[in-house]
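Next, two complexes with chain A in common: one pairs it with chain B, the other with chain C.
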Partner chain A sequence: MSGLALIFRRELALSWAGGGGPFLALGFYIAMASLLPLALGADPARMASVAPGFAWLVLALASLLSLERMFERDFEDGALDLIALGPAPLEMTALAKGLAQWIAIAAPLALLAPLIVTALGAPMRLAPIVVICGLVGGLSFCFLGGVGAALSLGSRRGGVLIALIVLPLFTPPVIFGAGAIEAFGVGLDWRTPLLLLSAYSLAAVALCPFAMAAAARNAIS
Partner chain B sequence: MISAVSIEGLGVARGDRPLITGFNLALEAGEAVALAGRNGAGKTSLLRAIAGLIRPSGGRVVFRSGDAEIPPEDAIARDAHLIGHQDGLKLSRSAWDEVLFQVLWSGGTAASARSACARLGLTNLLGLQVRKLSAGQRRRLALARLAASPRSLWLLDEPLAPLDRDQRAVVGELMAEHLAGGGLILAAAHDPLPVTARPVEIGG
Partner chain C sequence: MFQALVNPDRFMAFSRWAAPLLGVIALVLAAAGLVLDFQAPPDYQQGYTVHIMFIHVPAAFMSEFVYACLGVASFLSLVFRHALATAAARAAAPLGAGFTLLALITGSLWGRPTWGTWWVWDPRLTSVLVLFLFYIGYMALEAAVEDEAKAARAAAILALVGLINLPIVHYSVVWWNSLHQGSSLLRAGGPAMPAVYLAPLLLMVFAYMAGFGALWLVRIRGEVWRRRAAVLAMRAVA
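Here is the complex of A and B:
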């Protein structure tokens, strides 16, 4: 088995199983969504108008929750040393970690998102674009988040630090994703923001593994 | 396959503080070296620098196969084991899952992992979660990859600390076989190694 496949299987098993896996993020998403009507009041029209943007933003926040585990566990128990001395370069490991995070956390969130949007009163026909944006934008959230996770290695209260590092970088995907959903809802051109979101995500997938690996190397040295 | 390691004028610093300067050592196939030195002398940092995890502040480490020099990254990635203070095991996973990953990652097979575990008396523990194992049992899981995936250079940092006398003897047999097969061992240890080893003192 190649190094990449081996590390990917391990990362996937760890993200699914350890510490609640996707259920933590999903639970957070549902809890936040059920607070919105309490904060906004029970006017259905008002809720329907903010539901897509709110659901998109909370999806971004929910994907922050389990980032801390991406590198911290391997760093604390010494597995990162072992991984650094293995057959695949750390960049490859970072790519595997990002993809595993995407499958285990971002994809379940993307699949839950249309339910949230609809439950908050937005029209059902938004469902496909919400799922697509969730899956595409999820790549950005996982890979940029991974950079934050690797940079915060070894610091106390790493989770808060990750959020501070990563949230500014979430600005473009949040804008493009919300823009695509909004445009789709009112019948405007939604392809352009979706393409911009895709471009940002692909750039994140291509570049972030290098940043993650450099930060991880720095942490174990 | 690494047949000789020569450390030439290696310097290691932690932060601004130089720990080791101008360290020289030549290690040949079939030879074991026991690094001694007081706590904080830099034994762990030296081993990690040789493994390429720490960038040395000076000097270099040369890996040779026969007469040919091997690039350090290749030598380490394919042919060196580092056993550190930490065992690199996930507490929430089963002992077998973890040992299997470590062995496959370092180039062994499932069959070799199983036989190494049998050798180290771990067979009955493999179904348990790592968190249920004692420190000595966890260390034996980590040591299993030494026996299961053949790599020439063993960099060991206090490998025997948590082990009882019987297990030290087993690890001693593994080391003796490794040396007899042309392996190289560089170990930091306060207790004497269970094989004949050339002592090297670091730090003043």
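Here is the complex of A and C:
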């Protein structure tokens, strides 16, 4: 278990090293949000109607950005081989990597999301549900994304390939998260979509480490 | 029968006559289906556009059926590491993508005259589109990883992840649709299909299945030949 904690701390430290941690994803998020009024026109009513859904979609996209570093760096410098040889099962390592990714990237994005939603003109009272959806859905994005990252090891087209593999898998969390935010906004039952989102995220946390480990083992074999 | 086919030599001997036989069966069934189709009267609501159904519905069915074949082949390839299963998975993906694309295109052509629009974000259409993206992702991954054996295993893992996810995607899209729009252009549960339409439709479904079987066998054979050629080339160099 201490080995797991070590890997977790290592992953957190690495996410800050040479790349500025979450700032890349946060910068992407802000840049995309600032382009929305330029594309749609700055009519407040029009922006307010699309702001929650747009902010949720771009959050999903922003969480794709740093996936490539999840396994690629360890794969290239041989650390992944050493970790695989070590006593901790690779599934545990994958779990630690996913959780570290969640804390380093998804949580900051979730905390920024209400600011974006509000700046685009949606009502302030959406803020809590946006943060909760960002945190819960972020688990799905990190773990499914980790599967894509591990699968594309050894290819020469990492980033785009990961996005192509992972985005179809994002369909359910994107639907449930946007559904929860929208239902909350119009005063409908938002618990059901949030629970569905939570269920999907928990299933992703439970199952994806096995797929990540299988893919990583395949890459280093 | 399956046990016997695990041996590549026996598979090659079997598929040598099975592939053309299935192809002939597919052509005969499709010809019979089309003849019956054009003898059927035009639909009282859709008119002649109902003929698109006999191309579209079997393609939509095959898009899911082929993904199931891909999933089973990937599972066998991962668990038993059998070369033929790997070849079968690899061979199935472009065929499945082709059926899915055919379903999307014919559906769009059918939607224009009947619903008045090329595309609706209806749960079925949306989940078929996502299925198409799954095929694209599978083929892209397989093509991008340089080591062929590793590419096949990575793609097999992705196929299984997709197999688990496809039902969830489908139900999430159904749920999304019920949230977003109450009325749909497409009303299911119209009059049950009369036999004049059902008979050619079933014939076409079987024709598509036989056609897929023939093409799949041909592609697996090609895969086996390609590998044998690669081995010969390596021996010649060594």
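To be clear about the criterion, the second predicted complex is superposed on the first by the 219 of 221 C-alpha atoms of A that agree within 3 Å, B and C clash if a C-alpha of one lies under 4 Å from a C-alpha of the other, contacts with A are read in each partner's own complex, and residues count from 1 in each chain.
Throughout what follows, a residue touches a chain if its C-beta (ideal position, glycine included) is under 8 Å from a C-beta of that chain, and two chains touch if they have at least 3 such contacts.
The structure presented is a predicted model; accordingly, all values stated were derived computationally and were not measured.
Engineer: Which partner does A:A79 reach: the first (chain B), the second (chain C), both, or neither?
Structural biologist: So A:A79 only meets chain B here.
Engineer: Would you sort A:S221 into first (chain B), second (chain C), both or neither based on which partner it touches?
Structural biologist: both
Engineer: For A:L196, using the defined touch cut-off, is the partner it touches chain B, chain C, both, or neither? Pick first, second, both or neither.
Structural biologist: So A:L196 only meets chain C here.
Engineer: Quick check for you: in the superposed arrangement, does A:R10 touch first (chain B), second (chain C), both or neither?
Structural biologist: first
Engineer: Between chain B and chain C, whom does A:P87 touch in the aligned arrangement: first, second, both, or neither?
Structural biologist: Touch partner of A:P87: chain B, not chain C.
Engineer: Quick one: is A:G179 in contact with chain B, with chain C, with both, or with neither? Answer first, second, both or neither.
Structural biologist: second
Engineer: Looking at A:L161, would you say it contacts chain B, chain C, both, or neither? Reply first, second, both or neither.
Structural biologist: It touches chain C, and chain B stays clear.
Engineer: Please work out whether A:L95 is in contact with chain B alone, chain C alone, both, or neither, and reply first, second, both or neither.
Structural biologist: After superposing on A, A:L95 lies clear of both chain B and chain C.
Engineer: Share the list of chain A residues that count as touching for chain B in one structure and for chain C in the other.
Structural biologist: 221
Engineer: Sort out for me which residues of chain A touch chain B in the complex.
Structural biologist: So the residues of chain A touching chain B come out as 1, 3, 6-7, 10, 13-14, 17-19, 73-74, 77-87, 220-221.
Engineer: Using the touch definition from the top, list the residues of chain C that touch chain A in their complex.
Structural biologist: 78, 130, 133-134, 136-137, 140-141, 144-147, 150, 153-154, 157-158, 160-162, 164-165, 168-169, 172-173, 175-176, 179
Engineer: In the complex, go through chain A and note every residue touching chain C.
Structural biologist: 147, 151-157, 161, 164-165, 167-169, 171-172, 175-176, 179, 182-183, 193, 196, 200, 207, 211, 214-215, 218-219, 221
Engineer: Which positions of chain B touch chain A when the two form their complex?
Structural biologist: Contact set of chain B toward chain A: 48, 51-55, 76-78, 80-82, 84-93, 97, 101-102, 104-107.
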